[in-house]
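Heads up, there are several structures right after this.
The two complexes that follow have subunit A in common; it is paired with subunit B in the first and with subunit C in the second.
And now, the complex of A and B:
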């Protein structure tokens, strides 16, 4: 159990390793319906969220669909 | 019936979901518009933020979701946005839009063509927002886009069909559907676009910012249907001089 620093949508947050993307999503209520996540600019499909563990300094971009023209 | 990439849709009016005062009004307006395709945008979410309920409301309506790549400034960013959208909702439909300039939001033709080509190769059904440039529209058709979406006027400007003469050339030349996107401010303008033979129109601001968006959505639905009916009926020719509709007998002038 070590503390790591993650960058979620350019915002620094602390987390306790090991932590998967699925766990991070649940912990931060990022939602899963209509959500897409990229880790270090690589898109991680939903099926891989539970098995993708995050490392210190990983950068995540979390996107969702919103109203737009 | 509108056909896009071998799929048929019941309406020739596409509706954008931005700028509505609330989700309930947006949902009612989309319903009133009878649109079968609605657009959405991608956005970064803040942790523990209130989830936008737009997606949920639209899924309940059963319409086809058309995510856009708004915010992308380059072809690479647009491809990334399209892949994120695919991951988010599992659909290959994408409204490609790359407009780096914030003041006029005009589409970058070079990046758009480049992105369109890349996205088609990746299996996306690409609907590119583009300038009303007939040559560019042919190039977008050549790389395999499902339709072209030339602008009538800048996004959200409500200026109507400023590009009309060029839209006519695009319609004349295109072998894929033409959808006028952006700038349509009034139902009469949507009707005029349909009368000149475009396959569909996309309306957002004019509906969303109307005093009564639900009634305006209905007005646009009627206008689009009427315009299409007129196009299919075949408009009469225009002439510079008068062409009499009644027999020109001379009895009124007769003095004998």
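And now, the complex of A and C:
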């Protein structure tokens, strides 16, 4: 267990490694309907959130998908 | 060879290396399909027609081949609540089919444009026919079910697909080219995610969806002009915050078990 620093939507947060995206989302209530997440500028499919573990200095972008036109 | 009239009409964009004369011919000869004629499609169509998509050679009978065509697909009619953002329509069009209304407006810009109308809503049954022989498709629809169906048919037919969407003060877009096999598809993005798709309940500011449409039209014109050599990105999802003037681009990798693209 080590402390790592993550950047979520450009805000620094501390977390205890190992931590997956799914765990981070649950801990920080990041997810809601239509939430998509990119880690280091690559979108991570929601089904891979639980198996994608975060490293020190990883940068996450959490945003909501829209479908209107 | 472009005619003197064409050189005059398109002179501002002919100056761009990304277009030039060869690109202009390619733009005129392309078959572009726009699905959905709301805030995205009606605006994108105006730019595409202005730039010479489907510009037919009725004006120059001597030219050998003119394959160009713009296909407009929508079963909806013009409502007063559309006028806030669907800038090609006005009060004269209320109650009219969007296909007919848009065609009449586009013909004011270029009377010789070859515009084909399909006045029905796209669905998984009619999409195969709708996109047949298309050079590219613009997804300008407003719900995930149809977007998924368009993605599926374009991926399987390997037709380049230009997607845009908007809601609130956010707009998003992605270009998908399954022939390149380098990135994911719309299904990779939205499978397992429940997208809140009602733009009416979320609200939308007119120019925000306009930005998405302008982005889409820009990408399409660059693609049509230079095809494989076009200086555009495939498989990158753009997320733009119109209030903050912030635009981000994220790579969309293929999802290993995507039932559509893998």
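In this section, the second predicted complex is superposed on the first by the 63 of 69 C-alpha atoms of A that agree within 3 Å, B and C clash if a C-alpha of one lies under 4 Å from a C-alpha of the other, contacts with A are read in each partner's own complex, and residues count from 1 in each chain.
Heads up, the rule we're going with is that contacts are C-beta pairs under 8 Å (C-beta built on N, C-alpha and C of every residue); 3 or more make two chains touch, one makes a residue touch a chain.
On a predicted model such as this, the values are computed, not experimentally measured, just so you know.
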Exercise for the section: Would you check which partner chain A:66 touches, where first means subunit B only, second means subunit C only, and both and neither mean what they say? Expected result: both
Exercise for the section: Name the contact category of A:34: first (subunit B only), second (subunit C only), both, or neither. Expected result: both
Problem - Contacts of A:18 with subunit B and subunit C, given as first, second, both or neither - result: neither
Practice task
Please indicate which partner A:47 is in contact with in the superposed arrangement: first for subunit B, second for subunit C, both, or neither.
Solution key: second
Fill in the blank from the handout: Overlap of the subunit B and subunit C interfaces on subunit A comprises residues 33-36, 38, 41, 43, 45-46, 61, 63-69
Fill in the blank from the handout: Given the complex, residues on subunit B that touch subunit A span 16-20, 23, 26, 39-48, 51-52, 54-56, 65, 67-68, 70, 80, 83-85, 87-89, 155-156, 202, 204-205
Practice task
Give every residue of subunit A touching subunit C within the complex, in rising order.
Solution key: 33-36, 38, 41-43, 45-47, 61, 63-69
Problem - subunit C residues touching subunit A - in the complex, by the definition given at the top - result: 36, 38-41, 140-144, 147, 164-168, 170-172, 184, 188-200, 202, 204, 209, 212, 237, 239, 248-253, 255
Problem - Residues on subunit A engaged by subunit B in the complex (per definition of touch) - result: 8-9, 11, 13, 28-31, 33-38, 41, 43, 45-46, 61-69
